[in-house]
Structure formats: C-alpha cells, structure tokens
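The structures considered in this document are given below.
What follows is chain A paired twice: with chain B in the first complex and chain C in the second.
Up next is the complex of A and B:
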C-alpha cells in the first residue's frame, strides 16, 4: 500500500465526514424515538428507504420540481411515521423491549417487500439537490455532501434548542422519563409519541433523499441503518450529541479502513463499535446504568 | 382434566409429567421414525430441513429464550459450524463421527468468546453487538482467501458414517432425526439441572440471580457456548443438505430469520423452537401452493413471500406474543377445562413505560 498524500487524507476525511453526517441523520431519528418511548426502531433504515422511494415517485416519475417534491416527500413521510405509531407500535406500549425489536424488524421486512412490489427491486437514480462539485485546491467535494453536513448541523442545533427551550420539547422529555406521570400532568402522551415517530420518519426521509444520489435508490439501501445503529451505540444510545459523535467517528474511520483492508470492506464500522464497547459497554456518553445490588 | 398429586420434589424435574405425556411423545417419535415409509423424497428432505432448523432454533432458545440474551448473530455460528465441518472433513479428512463433535466444539468456543465479550452488555447493545458479529463473520468468510474459498465457497464432501454412505434421502433423514432428538433431550435435560435453572434465573432477574450466588458472567458465557455448539451442529448438517457452502447463505438476514423463527414458535419453550422450524421451512412451500389461486401480478412479484412473512410476524407480535406454542396452549386449555374457559385468563397486563435509563 503506497502512502497517502495529505490531499488524499483530507479528501477521505471530508468523504467520511459527509457519510458520517448521513448516518447521524438516521441515528437522530432512532435516538429520538428511543429517548421518548424507549422503543428501538429497527425499521429506521427502511423509513429512509421509503423516503427515497417517495421522493423518486414525486421527482422522477411525476416530474415535479425538485424542492416541491422534497416538501411533499417530507409531508408524506411525516404522516407515514405518525400512522405507523398510531396504528401499530402504540399497541405495544410498555411491553418488553424485545417485543418491539421483533415488531420493527418485521415491519422492516414488510416495508422492503412493499417498496419492491410498488417500485420494483432494481436500482433507480434520483438527482442530487444541488448538482456539481466544490473544488478547494486539490480537494473535491460534492455540493450534496456539503448540504448533508450543513443539514445535520442544523438539525442537531435545532433539536437541542427544541428540547431546551420549547414547551413541547420539555413535554417530550417528561414523557421519556415516566409516561404515566406525564399523562397525569396533562401531557397528551399518545399524540406526542406519534409526533416523535413522525419527526423521526422525516429525518429518515432527509437522509434517504441525500443518500439517494450517492448509492442509488433500491430496496436494500435501508441496510445502512445498521451502521447508524453502530454509530448511535458508540455514542451511547439515547443521547443525541453522543449519536452524532459516534456516527461521525464511524463515518470518518470507515474510508480509511476500507483503503487499508480492501477485502474486509464494510465492516470497519462494526469493528470500531466493538472496540468502543469493549472499553465502555455503555457507549461513550453512557445513558444506561447497571443496577447496583 | 387430570389432577397431579405431588408426592416428591423429584416429580418437578421428571423428564415427562406423567405416562400420558410420555406416550404422546413416544407416538410422535414413532411417527417421525416411520416417515420414510409414507413420505416421498421431496417432503422427506423438507422434514429433515425442519429438524436442522429446529436444532439451530433450540440453540437460540437456550440463549434468548432461557437465558434472556437477545442474539441477532446465530447465523454466524451456523456459518462457523458449516465451514468448520466442511474444512475438517474435506481438507483434513476427519471422519464424520469425529468431525461433528469437533465442529460443535469449534463453534461453541467461538460462541463462548463472543459471549465473554458481550457478558457486560444488555438489551439493545447486545442485539447490535451480536448482529455485527454476524456481519463481520460473513465478511471474514468471504475475504478468507483459499482457506474458506472466498465468495465462491467450498464444496461439501459426501456424508459417510462409519463406512456407510449416506446417499439416500431416508438415510440423511434418519441422521438428522437422531441429532434432532438428541438436541431436544439435551435441552430438556439442561433445564432440569442446576446450570439450567441458573440460566433461567439470569433471564428473570440478573440482580436477584447475582444475589443468590449465580455467577452471571459465567452462565452467560455458558449459554453462548451451548447455543453456538447447537448452531454449529445445525450448520454442519445444513452444509450436507446444500452440498455447497457460501458465506452469503449465512448472512445477517439468516440471523434475523432464525430469531424470528423462535419468536413465531414461542419464546422460552422447547416446543417453540420446533413449531418455529416447521413454520419457517414449510412457509415457502405453502405459499407456492397458495400462489396458484392468486392473480399473477401479486403472485409473480418478488416481494410476495417476504411481505407475507413480515405480516405474519406483525400479527403474531401484536396479537399472540407467545407464538404458535402459546396459541396451542390456549386451544389445549380451552378443551381441557371446557366449558369453563375464560378469555381473561390469558390477557396481557396493561403496563406503562418507566424508564431505567435515568437515575
């Protein structure tokens, strides 16, 4: 293996950063739902895939202008997330975590099949939001990658402000600590939970729309969701800054790992996660504490 | 309704509850043994496949059902078993009777290593860690070069047991049936021993298990070892059934399928693993029979099978979380107390989330 030049390293860092931001967008959706309801959504990757396919439907198949299509996609996906909680997941409130694992896994399988039956199992192209590249010296950067980084930063700051300053944010935090107590305080628990699922589906759709120009739209694109899981776990599941940090760590190390070990492509993320979990079994920013006897 | 009189403590850990139950299971065994006489080749192979999946399912049941450790990585140990068996037999010329126990040991040790690493993890962390074990194992087998045959895989040598060539459906069927019966007896016996009770104690409450003097980390590792050893044996037999091993067969999806299998069957019961195996192996066959009656646009579409699979799972988790075996118990109860059956007796308790995350 020849040594990398500084420009190469910079280029890989930026690629990793934008990839890590896409993971973060998925992970934020995961962590939101987990924070509020302690339910783990294994179908988050499939939510992202659905977002990409709905966007494909509006923008390519129906020929709407790009940003109008994006707006419609986000609305549709929000309603979709709301509906999934209101119709399916809500029935399992308070059941063991494992039950919800299985439920969302099954949901993911069903969603993949439905998407395949509607749009087909091939690969489809979706245009990038802003075509073209930005060149700074030797480093080339697609505008859509820059958009991914900006959007992740914006959403993270926005969520922080939302939970810190808004009444609804405070209500969601209360909800996440004790549903029954929150209900007694007059918080509309059911509606709020569904709204959180809607938010998470919208973030998933954002990730899908940004990822689509890079990896193409296909039913199997949801498997990236598992890397987002790994990232969120590295950061300590249940903390949004932790999830973003973990996903960035995984995103940045991944391209270097792939170059160093080309035959082992794609497992760098999981090895990083294992290394972190070995040292800190609760992730970097621990959210779960072992019960003391 | 039969009434059992308890006369001694040993009664609680007897292999069968009473003579009637023993007679039932004896009957089932006789039925399974005579299957080659009244089933043709295709269905016999399917039934053998059910047994193989049931062995893997029993392993997962020990881990997830009895010790409460969620594992999304069972297929990794199935893969390790399949490869170890193929390499031991094909490359090093070990006879079947030696290679199979060696395979169980290799897979079991791999499982114990994973279990030791994961013994401090819980719930979601454990799920994702085991899932990544599955992904990493698949990738390592694919990138293993000449040793594992890479992505092209390895051909599996013929099965010969003590000089007898297992070249007929009914012969392999009987081998699988023997292993399957052995696996059931082992699992049943495990539950009657001290270590089996320790596993269940760990599942029900780690804190109280520790307070009672159970070495939690050791028994978690032990559960991983047993489960992986079962998976390894299943993998070896699966390799013989497929004639060829490739890493793709044992990917992450297979892990998830195995987990869903034990859930559909009924988590935490031996019956559940067997029912689940019947479900997962026979579902494609049943679906292909149903497809004849459906309009071509739906039946021919590639997603039909997985859509039905996903929907069945959704229905089970929402309405029958105890799985097929739970449903069977309800039906059985309905008839045994007829006409006194009350639906309320099985109703789920209403619960609310109280987080354990924040102190």
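Up next is the complex of A and C:
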C-alpha cells in the first residue's frame, strides 16, 4: 500500500463525509420512528429504494423536469410512509416488538419484489440533481455529494428547530416519551405517528434521489440501509444527533478502511459498530436515562 | 345541578378477565366523587374506560349527554375530560414547563393559558424553581404536582384523578388534597377521584362509591358513608368498640 498524499486524504474525507450524510438521512428516519413508537423499521432502506424508483418514474420515464419530479417524488413518498403506518403498522400497536420487526422485514422484501415487478430488476440511471464536479485544487467533488452534505445539515437543523419551537414537534417529543399520557393530553397520537412515518419516508426518498446518480437505481440499493442502521446504533439509537454522528463516523472511516484492506471491502462500517459497542455499549450519544415505559 | 358523567352498566374486559362488572355511577356538576376500593377492585379500569384507554365491552358512558364509549383517548380529552393517571406519568425528558404546557396542547387562548400557568405555579410554588428542569429529576410528590397541574392546564370540565396520594408522605397528601379542593371550589372543576386512601379522600368528597371485585357494593353521600360501620372499619381503619376485632385476634392467636 503506497502512502496517501494530503490531497488524497482530503478527497477521501470529503467522499466519506457525503456518503456518511446519505447514511444519516436514512438513519434519521429510522431513529424518528424508533423514538416515537419503539418500533424499528427494517424496511427503511427499501423506503429509500422506493424513493429512487418513484423519482426514476417521474424524471426518466415520464420525462418531467428534474425538480418537479423531485417534488412529486417527495409528496408520493410522504403519502406512502403515512399510509404504511395508517394501514399496516398501526394495527400492531400493543403487540410485541418482535411482531413489528418481522412485519417490517417482510415489508422490505415485499417492496423489493413490487419494485422489481413494476420497474424491472436491472440497473437504471437517474440524472444527478446538479451535474458536474466542483474542483478545489487537487480535490474533486461531485455537486450531488456537496448537495448531500448541505441537505443533511439543513434537515438536522430543521428538525432541531421543529422539535424545539413548534407545537407539533413538542407533541411528538411528548408522545415518544409517554404515549398514554400524550393521548390523555388530547394529542392526536395516531395521526402524529403516521406523520412521523411520512417524514421518515421523505428523508429516505431524499437519500435515494441523491444516491441514485452514484450507485444507479436497482431493487437491491436498499441494502445500504444496513449501514445506516449500523450508524444509528453507533450513535446510540434513539438520538438524532447521535445517529448523524455515528453515520458520519462510519462514512468517513469507510473509504480509508477499504483502501487499507481492499480484501475486506464493505465491512468497515460493521467493524466500527462492533468497536464502538465494545467500548461504549450505550452508543456515542445515548440518552442518559433509561426510557420509562 | 346536572350530571356531567353517567355510566350505565359498564363492563370492561382485561384480556379474558372481566375487570368491572356492570358499574353504574353518576358525577354531578361541580362535585367531587370518590370511588374507594382495595387493590384490584377495578378502580383504575373504570377511569381508563371513561377516558378511552380501554373500550367497554358493554354499557354506556355519557359525558354531557353525548356517548363517549369507544372513542380514542385523545378525542375524549378534547371533549373536556382530563385524566391524571396512576403513577403520575409525566413526560420524563421534557422540562416541567413543557410538561405543563403539554396540558394546554389543544388550547389556542394563549393569554388564558399563561394565566392558568400562573395559577398552577401559585398552588405549587416548589415547581417554580424547577421550571426548566427535566421532570425525571423531580421527587414523587413534585411529579404528582406536575401531573395535577398538567391536567388542570387542559381546563377540563371533568377531571379524573387516579390515586393522587400514591406513594406520598402524609403531609404532602394533605397539601395535594388541599389543592384538589381549591381546583374544585375556586375553579369549579368537577372531579372523579379514585383512592385507596379513603381517610383523606372521603372527607373532601360530596359522594362516594365503594367498589369490590368490579362491582359497586355501596354508595351514598359523604356523611352517610362516613357514618357507616363497614366503611369506618374497612376503609377508614377506625375500630368500633365492637368485639369483632378482638374476636379475630383471638382466633389468630390460637391458630398460631
């Protein structure tokens, strides 16, 4: 292995950062749903895949202008997430966590099959939101990577403000901490939970649209969700800043790991998760208190 | 005075167990009504059935003449019933202020909400020092104050209070009940109270019901119940001069 130049290191850092941001977008969705309902949505990666395919439908197959297609995709995916909770997951309220685990796992498999039946099992290209690269000296960044970083930052700040300052955000925090008490306050718990699922599907779709130009659209692109899952666990599952931090950590270490150990390409994320869990079982930024059930 | 709440023949199942078996009761506007009973009698189940956390298997629940049986708890809350649940159930990671404000979630009248907040802090001055602290750091008594204040912030026309004395010191119980009386007297909130501690609850109530294994076995105005021998012995722990107590003690001794 030859030594890396500073420019190489910088390049890898930025690539890792934007990759980590994509993981974050998926992980934020995971954590939102988990915090609100204590349910883990194993189909989150497939939500992202669906987002990419719906975008492909609007932008490539129907030939709509890019940003109009994006807008429509986000609306469709929001409705999709809302519907999944309202029609399927909500019925399992009160069942053991295990039931929901199996359900979302099955949902993921079903979504892959449905997407394959509608759009086919091949690889499809989706144009990048902003084509071309940004060159700063020796470092080259695709504009879509930069957009990924900006969007993640924007969503993180937006969510913080939403939970801090808006009435509905506060109600979502309350229902995540004590669902029954939230009901007693007159908070429309069921509707807000579905809205949370919608938000998580929209963030997944954002990740899908940004990832599509890099990895192509295919039914198996949802497997990246596992890395987001690892990132969320590293961050202590249940904390959004933690999930973002965990995903960035995984995203940034990944390219270096792949270069250092090319034979073990792809497992860096899980080794990071393993190491973090050994040293800090509660995750990087776990909420200190055990949640009162 | 009209009846705010009427239950007729309500039966509720907990899984396959029938927890309340045909309960009928009434709460008159402006009054405090207490349901007494020992562990497992079904007191909490009655409140949960009223507020919609459990759906009744049978029977009718009328709140201000409208049927509310089977509605979701958030809908019932918006109709004007506040439920302060057993074990306080505060939002652990929200600050005391946010906990109280959650009570006012459905209200739009900001000025009134601010005034009610001041009222609550006036009743429970201790809370003022902890306004920005997470509710989880509060003592049991302070959490009970938050739960009560939060229920009041809903400006309910009926308040359901589940064991407000649970796990509190006798002095705190006195304090809490004094506030409950003021909410009723000064603010005109009608209350349905569930208590094991009949000693504090019965004297402040207007009417009482005694629940045993899911059935109402006795009911009456406060003074009638206070004068009843059975109530005095079993719920108030006042021994009459009757030989009954002695007799039992003797039996126990020989049995040993």
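Odds and ends about this structure:
Convention: the second predicted complex is superposed on the first by the 286 of 293 C-alpha atoms of A that agree within 3 Å, B and C clash if a C-alpha of one lies under 4 Å from a C-alpha of the other, contacts with A are read in each partner's own complex, and residues count from 1 in each chain.
Going forward, a contact is a pair of C-beta atoms (placed from the backbone, for glycine too) under 8 Å apart; a residue touches a chain by one contact, two chains touch by 3 or more.
Please read these numbers as outputs of a predicted model, since none were measured by experiment.
When the two structures are aligned on the shared chain, A:134 is found in touch with neither chain B nor chain C. In the superposition on chain A, no contact is made by A:79 with either chain B or chain C.
In the superposed model, A:188 lies in contact with chain C only, and not with chain B. Once the two structures are superposed, chain B and chain C can be ranked by residues of chain A touched, with B on top. Touch criterion met: A:99 reaches chain B, while chain C stays clear of it. In the superposition on chain A, contact is made by A:178 with both chain B and chain C. Legend: residue contacts after superposition of the two complexes on their common chain; A:61 is shown touching neither chain B nor chain C.
With both structures placed on the common chain, the touch criterion links A:278 to chain B but leaves chain C unconnected. In the superposition on chain A, the residues of chain A contacted by chain B and by chain C overlap at 177-178, 180, 287, 289, 291.
Residues 70, 117, 120-125, 127-129, 131-132, 135-136, 139-140, 142-143, 145, 206-207, 210-211, 252, 256, 259-260, 263, 298, 301-307, 309-311, 313-314, 317-318, 321, 348, 350-359 of chain B are the ones that touch chain A when the two sit in their complex.
Note for the complex: chain C touches chain A at residues 51-53, 72-74, 77-78, 82-85, 89-94, 98, 101-103, 105-106, 136, 150, 154.
Contact residues of chain A toward chain C in the complex are 167, 170-171, 173-174, 177-178, 180-190, 287, 289, 291-292. Residues 37-38, 40, 88, 91-95, 97-99, 101-103, 105-117, 121, 176-180, 219, 223, 226, 229-230, 233, 237-238, 263-267, 270-271, 273-274, 277-278, 281-283, 287-289, 291, 293 of chain A are the ones touching chain B in the complex.
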